[in-house]
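Structure first, commentary second.
Chain IDs A, B and C follow the sequence of writing; residue 1 opens each chain.
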């Protein structure tokens, strides 16, 4: 009996500490470190991207001496193993065992969606600089899931479709990994391109981790199109670009890619087969913007590689959180104020060299770069902007409410306007 | 099916054959389902990649990959498998645990980036065959597959070792009773089977690239091939590889939605009616 | 030969000392929410759920001599149907669970039809291949299964939303299901399965229809795996292809072996050990996969009879432990 009584009262004490209801407790909580839970795939198919996510966060934290708004930052890193079940379990551990004030990270959409579904219940702020699923800032917004320094999948392919029209392309075929990110990226391009009079001749959907692309390349070669859009990430992108060259398609049909397909994480192990691929993105490591160049130079000095999308996004994402915390004096315990501050913060001093803010739906507005992979002086390949679309909304030029009435992009709905 | 897609299927089948023949040799003689075979493929590829990029020699890469993977196979067979006896469940799970360790170690050593084994200049580019332009390297893989088949056929049918292996597949105890050290035959077979996984890793690594989890698909296809072909039959592996390679290509072209079903559906049906596979023989109980 | 250490199971009702032990175990586990943190309680919940999966595999493995590498798929199908039925099709949680278990049993029946004529390593391979088919369908049939992203929704009814309430509900379900499994393996039917495990030819010559017995055994085992899968869907509110993947089957089998093949309740011990290990190790090192792999290897080499088997070998005969695990 006594034991039970003891347990009850100690639970009550813990609960009080958690809410910070008692004044002297609050004072002590202020001095306590801000706990950031980082979820990242350190093993599994996207392990190299996951490692760079950690580097991006640590690179920023080192630069501010592990302090945000005068409070020490404690970083708890958990491996989501590229697996949604594991991601969910690790999120639970970070929140319930680690008492993290916030979660940040995840790379694959399925892991991010699993964690988002979980924090919907707990209310823990969850920041997703990499998870690009459109609906997290469109049809199914969750208040505490915020896309700091991230992007929605179709936001960059809308202007890309427009750019294709301007090149005079009439017919395009797409080949894509068969999951939400691929559906959304292809859909953005297909909708704008077909509404402007272009034609999507055929779309191929293949499972993630397709070892042999030759069956698709054989069909693509027969299509007689003006360009091919490849929505590939990670190892699939490496293989696709390589096999595209070895089957002799490179040089015949221009290759357009998702930003992930020509990201540093992919092209740093490639050679001339990746030369000249065009992609649309907010970040181009070969930009001559001084802020970008400073970041790239310092990152390269620290980690001996040109930063990828993952390193850049996580660096900027945690920087965003830090700037928001500055505004509220580091009071991370007050969740509502914290979330509100993050939503209202305009990110300054990021590697983009330009202020970034969120739209009314929580998606950052960027200048979208149309970028091309070219060889740098030292023989490494990187992406250099060739033209730019300023201030692009995730809804492109559509009215947000009308846009969200159309179904989300999927394998069956690509927004294609019939000629 | 166009000549082009046929070549795609055949060249992929040739790679699968190299890997799966090693798998079936071990399964046939030692009765061990080695779930670390895919990991051996991946590690072989990584080692071949390192050697080939370091020395600039594709051949050295191949030899190094085969030797290194055979050495890893030696550790697996002599250091671990001999302690679990003939219990197939324990063997299967032990090899799976070994695969976990190998994969994780590969991630530590080579990181998670995708690598491609550099190929010699003469194999780059493409050539015209059957009226289509086709990558030379993939034709080389096809040729290698045929050479490996011929080599294994000669080994099994025209050497003393081959005779012992064939006899051992049917009845290992009988061979042992006739005064042969069957343990040594087992070991040689295990090393040969592992080396073939290493060779496959190098060859596959040059056109399918190497990355964490690249082992899984190869392993699954090897399993399918052995199940279809039957235990310990070289012809069975050949036919199984062709079927899986062609079905995989055909499936991706014609039924992209059913990608995996196209291979595993027929396999499951086959197994239900011919549990020992197309060319498998019953063994004396 | 791995079963040489485990003596044939005696039939015994819940009487005397074993009843006391069972009640003690139940009381202890029921009291856990009072001492554990929320997170630890979730781990305990997970252990119970996977314990049921491991036991369902043990019905086939320990009592019929056939180890399935396809039970993860059966488990996962139940999860998919539960999430789909409740989140997409609007069924009540109870109806969704029922549908999930029915679907899992149906899948098990299909597996069984194809697999019962095989044994040994061919049974392993065939069930593995069948599991792969299910995985492939879940991955590619995007319109229904959500493909790579899987399905999400609020499956858990409101009154089970809390950690404690859900734990107790799972504990109650687990208790009932375990009892049912225990009665099943001790029924005359279960004894026939044991006979098949020990000597198929003898049972055949005694006039038993071996394939039919295996078929029913497989279906029953799938039914219990389905219950476990339904509980897991409630636990996670989420299901994805990794839930039906080979890894899930393997993990279930490993838990069963870690506990002890043919001990039935060893499933809980194995599940607890493996889940605890995964959690402790991954907190300290990125190399948890290596540790897990080494654990496989060590268990296979040094403790093939599982934790319970090892305890039996160590503990003196006639002690409480023996009573608890053997009776």
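We adopt the following convention: a residue touches a chain if its C-beta (ideal position, glycine included) is under 8 Å from a C-beta of that chain, and two chains touch if they have at least 3 such contacts.
Since the structure is predicted, the reported quantities are computational estimates derived from the model, not experimental observations.
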Pair of chains joined by more contacts [C-beta pairs], A-B or B-C: B-C
Per Cα centroids, the chain farthest from chain B: A
Intercentroid distance (Cα basis), chain B paired with chain A, Å: 37
Centre-to-centre distance between chain C and chain B (centres being mean Cα positions), rounded to whole Å: 32
Contacts with two or more other chains, residues of chain A listed in rising order: 43, 178, 207
Interface hub residues of chain B, defined as touching at least two other chains: 104, 259-260
Interface hub residues of chain C, defined as touching at least two other chains: 139-140, 289
Chain C to chain B touching residues, read off their complex: 1-2, 61, 67, 69, 113-115, 117-118, 120-122, 124-126, 128-130, 132-133, 135-137, 139-141, 250, 253-254, 257, 287, 289-290, 292-297, 299-301, 304
Residues of chain C that touch chain A when the two form their complex: 34-35, 37-40, 42, 46, 139-140, 142-143, 147-150, 152, 161, 236-238, 240, 242-243, 279, 282-283, 286, 288-289
For the chain B and chain A complex, residues of the former touching the latter: 2, 4-5, 8, 11-12, 104, 107, 111-116, 124, 126, 133-135, 137-138, 204, 207-209, 211-214, 216-218, 248-249, 252-253, 256, 259-260
Of chain B, residues touching chain C in the complex: 31, 33, 80, 83-94, 96-105, 108, 220, 223-224, 226-227, 257-261, 264-265, 267-269, 271-272, 275-276
Complex interface listing, chain A residues touching chain C: 4, 7, 42-43, 78-79, 83-86, 88-90, 92-93, 96-97, 109-110, 113-114, 117-118, 121, 178-180, 207-208, 410-412
